[in-house]
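What follows is a structure written as structure tokens; I'll ask about it next.
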Amino acid sequence: MELQRPIRHAKISPNMTVSLLVDSLSGCAFGAGRLCEAVEIYREMLNDKDCTKFFGLAGAMVPAGMRQIVSDLIREGNIDILVTTGANLVHDIIESMGLHHYKGTHAVDDIQLKHDAVNRIYDVFLPEQHFIRFEEKMQSVFREVPNKLSITELLSRIGATLDDDSSILKSAYDMRVPVYCPAIQDSIIGLQAWLYKQTKPLNVDVFDDMRGLIDRCYEAKRAGVVIVGGGVPKNFILQSMLVTPRSFDYAIQLTMDRPETGGLSGATLDEARSWGKIGEKARSVTVYSDATITLPIIVAAAKSIR
Amino acid sequence: MELQRPIRHAKISPNMTVSLLVDSLSGCAFGAGRLCEAVEIYREMLNDKDCTKFFGLAGAMVPAGMRQIVSDLIREGNIDILVTTGANLVHDIIESMGLHHYKGTHAVDDIQLKHDAVNRIYDVFLPEQHFIRFEEKMQSVFREVPNKLSITELLSRIGATLDDDSSILKSAYDMRVPVYCPAIQDSIIGLQAWLYKQTKPLNVDVFDDMRGLIDRCYEAKRAGVVIVGGGVPKNFILQSMLVTPRSFDYAIQLTMDRPETGGLSGATLDEARSWGKIGEKARSVTVYSDATITLPIIVAAAKSIR
Amino acid sequence: MELQRPIRHAKISPNMTVSLLVDSLSGCAFGAGRLCEAVEIYREMLNDKDCTKFFGLAGAMVPAGMRQIVSDLIREGNIDILVTTGANLVHDIIESMGLHHYKGTHAVDDIQLKHDAVNRIYDVFLPEQHFIRFEEKMQSVFREVPNKLSITELLSRIGATLDDDSSILKSAYDMRVPVYCPAIQDSIIGLQAWLYKQTKPLNVDVFDDMRGLIDRCYEAKRAGVVIVGGGVPKNFILQSMLVTPRSFDYAIQLTMDRPETGGLSGATLDEARSWGKIGEKARSVTVYSDATITLPIIVAAAKSIR
Amino acid sequence: MELQRPIRHAKISPNMTVSLLVDSLSGCAFGAGRLCEAVEIYREMLNDKDCTKFFGLAGAMVPAGMRQIVSDLIREGNIDILVTTGANLVHDIIESMGLHHYKGTHAVDDIQLKHDAVNRIYDVFLPEQHFIRFEEKMQSVFREVPNKLSITELLSRIGATLDDDSSILKSAYDMRVPVYCPAIQDSIIGLQAWLYKQTKPLNVDVFDDMRGLIDRCYEAKRAGVVIVGGGVPKNFILQSMLVTPRSFDYAIQLTMDRPETGGLSGATLDEARSWGKIGEKARSVTVYSDATITLPIIVAAAKSIR
């Protein structure tokens, strides 16, 4: 058994940069070690010109305040393909309309909140009336899109209507980054589509997006992925490689989910190797900590000039 | 502050029934207390003739061995509406073809597994070749369904072709229980649909299922839900009530996910009250333990004659 | 890669016994599979006449209602050596004085509780005034014990004074089962000792108990351990084998703690093999679920006649 | 319900300092929000000249590489009272002897490690032979200390013999910071004491340290605590206030443990208010993420000049 890398204890200096902090943690173990490995992999992935960069965004990252980080990554060319949840897109659209989420608390009487018409997402509060404005927005979008289109096209059309450079959907539209959202109906967008379809036709095909995604996978010389949370985005990205001769070369997962319950969200990235989703020689790491903490650190460190 | 219910310490007897065990735990706290509350709520919900019974099945419950429990619940009339993931359906179809999952181990070299053409789901092993048979099955199904249909209709058509009463899809078909699977493309079914659509037309609309689901919600006098895991099924079920004047009257969640990361899977059921998804006076409880342990106990206890 | 044990799906029958439920889960994976493995190991361990049976009890198991299970195990001869926390002993003594813990709720205003003089342990409430009675009890015990004794002797002396066969300490006293509590000062007992020592001498040696424990380890032909939670009891038991030529032959851990943070509570039992605490050929399993659920099931199943 | 603090989305700049990163996260929610609150509380606590600063160090923080951070905090006067585990002290002493821990991997054959005489702590490897040197060290220490002393005195004596300014024990000795270790026998120190006591007298009293600790609590005008992990250090610190008219004014906890299992490690800091351990008006926060990530960030941000 090799014993070649002594643990080097972290040393903190006042006013140190995030990048230096990560350097200082690079001789540490447990979560700190994983974090540094994620930074290394991300740096390598971002520097790899032949790498198609996937980004999976689950969890309530937009309500939590992670929207600008993602839209900046898109605008900087660091995301080629985004897969996310309906909820993150709903909240992105709401913010792009100038409507805010608010810092609240998780220790609260939810029935009182209901009476006050405030919706809660852990410690984030959202006035229910935002959804009235959101409804107007979505109904007007539906009226203007073709009767028949794919989910990605629908999202691109929504993005085009937004007047907010911090928006994920707008940034993706501007940068021609496709946004996949397999379970789009599992969100207020789904409820709005139901409403619209009561009177007018709208046909969004479930499977139409597969082709574009898999074509991208075929074209990729190399592929890397950052998975924030797990959920549908994680599997949808990883499985897309299954029908190609290729597999992911870089993979980073930021999650608190655990492997032992057997669910895909918490599954180790090694498990994905048995399926051929991640390559035998790929570099991969999971950082088990709150993604609202680890994503900003990893992005800050990876962006820094060393 | 009321101090009226002294903790009664559990007493274990040899050969006691599950129902008696639950009775014995009913004076306990922490997870044991939550488990007993779940049993109580489930008993009340199953006895409520006016209650429409939803069941959300996320996680890899079918590979883990929970398939018969769910199909029995369907056949016994204890599930009116099932919402699940593509993965659970894929593995249900595989089993219904006489192909097995195998007990393996999570402590294994995944690259070796890849070489051996064995896919891993935590401690479950699945021969990769099963998917060749699965492909034949799915392509033949696609050839026989209408060119245009909803996800629910597609799943019903698949169910009709299965010759296995233990199958979830077959049981749902037999009992006319609709099966919703919002992110169906996030599964091998999605890859098969992509393959099929390369040469033949198939149009499965994303939003078509909303109407039937929401109609059911409108019609329900009362509504109850068992949520195994979280994920898309959890939110898709809970949000369906948002557009009705009603909300869920009973809600049970079995999960290891935690609230603090803000994701919907781990969100408390109380949070759902702020949105009006769960009613102010509804009974709800989350049991924080492995669902492959708690689901069987709750079902066994709720089924027992007291 | 061997694929020899197909997953057998659990089948639930009304009024089934816990033992039959466990049998039904024995072909399942994830937590259910681990639970069944724990039952198997525990049955084997309890049937092994040459096995010295250790029991580690951390967590707030007594306030939660698990006291009778532990005291019954002691009285039935199924625990030879108990290692626990000061808190569990304090709450055991309180209950043995006829003072109750109460079922409360975790969703409560803790400042209001403080004003009401009610202490909270998750969803268990405890009137603060119980501690006045506890103080009288402890001061009277201290007055009657020798000035110099070991922790185990002190606990045995306390046990002797209790008039409650359901008490863990009393049962241990009656059965001559030594109770180890390394961090006894980390509990209200510690505060009471501080009070007592302000006026009178009391000398309880930290290390005196090691000898008896390690002697037991040397004498053991075989050794098995059930670890509820983790904490000091887990390590104290496991490390005791380090200085003997022997190691544990059976080990069961019931916890929700996770390995990734590197703490000993969440460490896998395999990790303990690298240290030689658990033997190479030992059977071991960790069940990742709430111990107030899994302990009663495992005990009920292991006690059943098959 | 007040909606006054809109979520401000984090913005990442290349080469930003940790302090600016924290500022940027201060308008975010979930873990990011908690982290920023911890930084705020820690800054306030460090600037409070009348605040006695407690530090609880559980988990395997020393093997993970967090030793220098703690010893620097001691030398800078930012820790007045340290409570930790025997394991952290054992590994601190080992490092101070010039013996290293090594970066390994958690995915390893532990039986092979045993054959190679390498002990594992998650992804840290430790050569077993280090303990031979450790034994010599401890036996020589025991020979030189008085026959009768308290745990704190014993640790101070050990600290005095170390020739390593990065050592926690040495730094505490130099700075006259008392180190409490209630379960000292639950560590290799305990095994060494057992060995020593086979031939020579040594009497270390369990309760002697309570007086000094509680005196400090009485003297404190205000009190603050940083709790890394949970375990014995957490409760031992918090309970020390119970017998004083005072309670903690600042409290920060860094842990991945969860409240729902009822154990003290995962208990919320609010729960401690019901007991009067933390004051009604105290500022407190728990950050649910790996402490090897959050501790360095919080220390770096708190140290920075703003």
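All chains are identified by letter, namely A, B, C and D, in their written order; residue positions are counted from 1 within each chain.
Operating definition for what follows: contacts are C-beta pairs under 8 Å (C-beta built on N, C-alpha and C of every residue); 3 or more make two chains touch, one makes a residue touch a chain.
Everything quoted here is computed from the prediction, not taken from an experiment.
Under the contact definition stated at the top, the chains bordering both subunit A and subunit D are B, C. Note: the chain lying farthest from subunit D is B, by mean C-alpha position. Separating the CA-averaged centres of subunit A and subunit B is a span of 25 Å. In whole angstrom, the spacing between the mean C-alpha positions of subunit B and subunit D is 42.
Annotation for subunit A: residues touching 2 or more other chains are 29-31, 60, 63-64, 113, 118, 121-124, 256, 258, 260-262, 270, 288, 290-292.
Considering their complex, residues 1, 3-19, 21, 24-25, 27-35, 60, 63-69, 72, 95, 100-104, 107-108, 112-113, 116, 118, 121-125, 127, 166, 256, 270, 287-294, 296-297, 299-300, 303-305 of subunit B touch subunit C.
Within the complex formed with subunit C, the subunit A residues making contact are 29-31, 258, 260-262, 288.
Across the interface of their complex, subunit B is touched by residues 58-60, 63-64, 87, 106, 110-111, 113-114, 118-124, 151, 182-188, 190-191, 193-195, 197-198, 202-211, 214, 229, 231-232, 235-236, 239, 242-243, 256-265, 267, 270-276, 280, 290-292 of subunit A.
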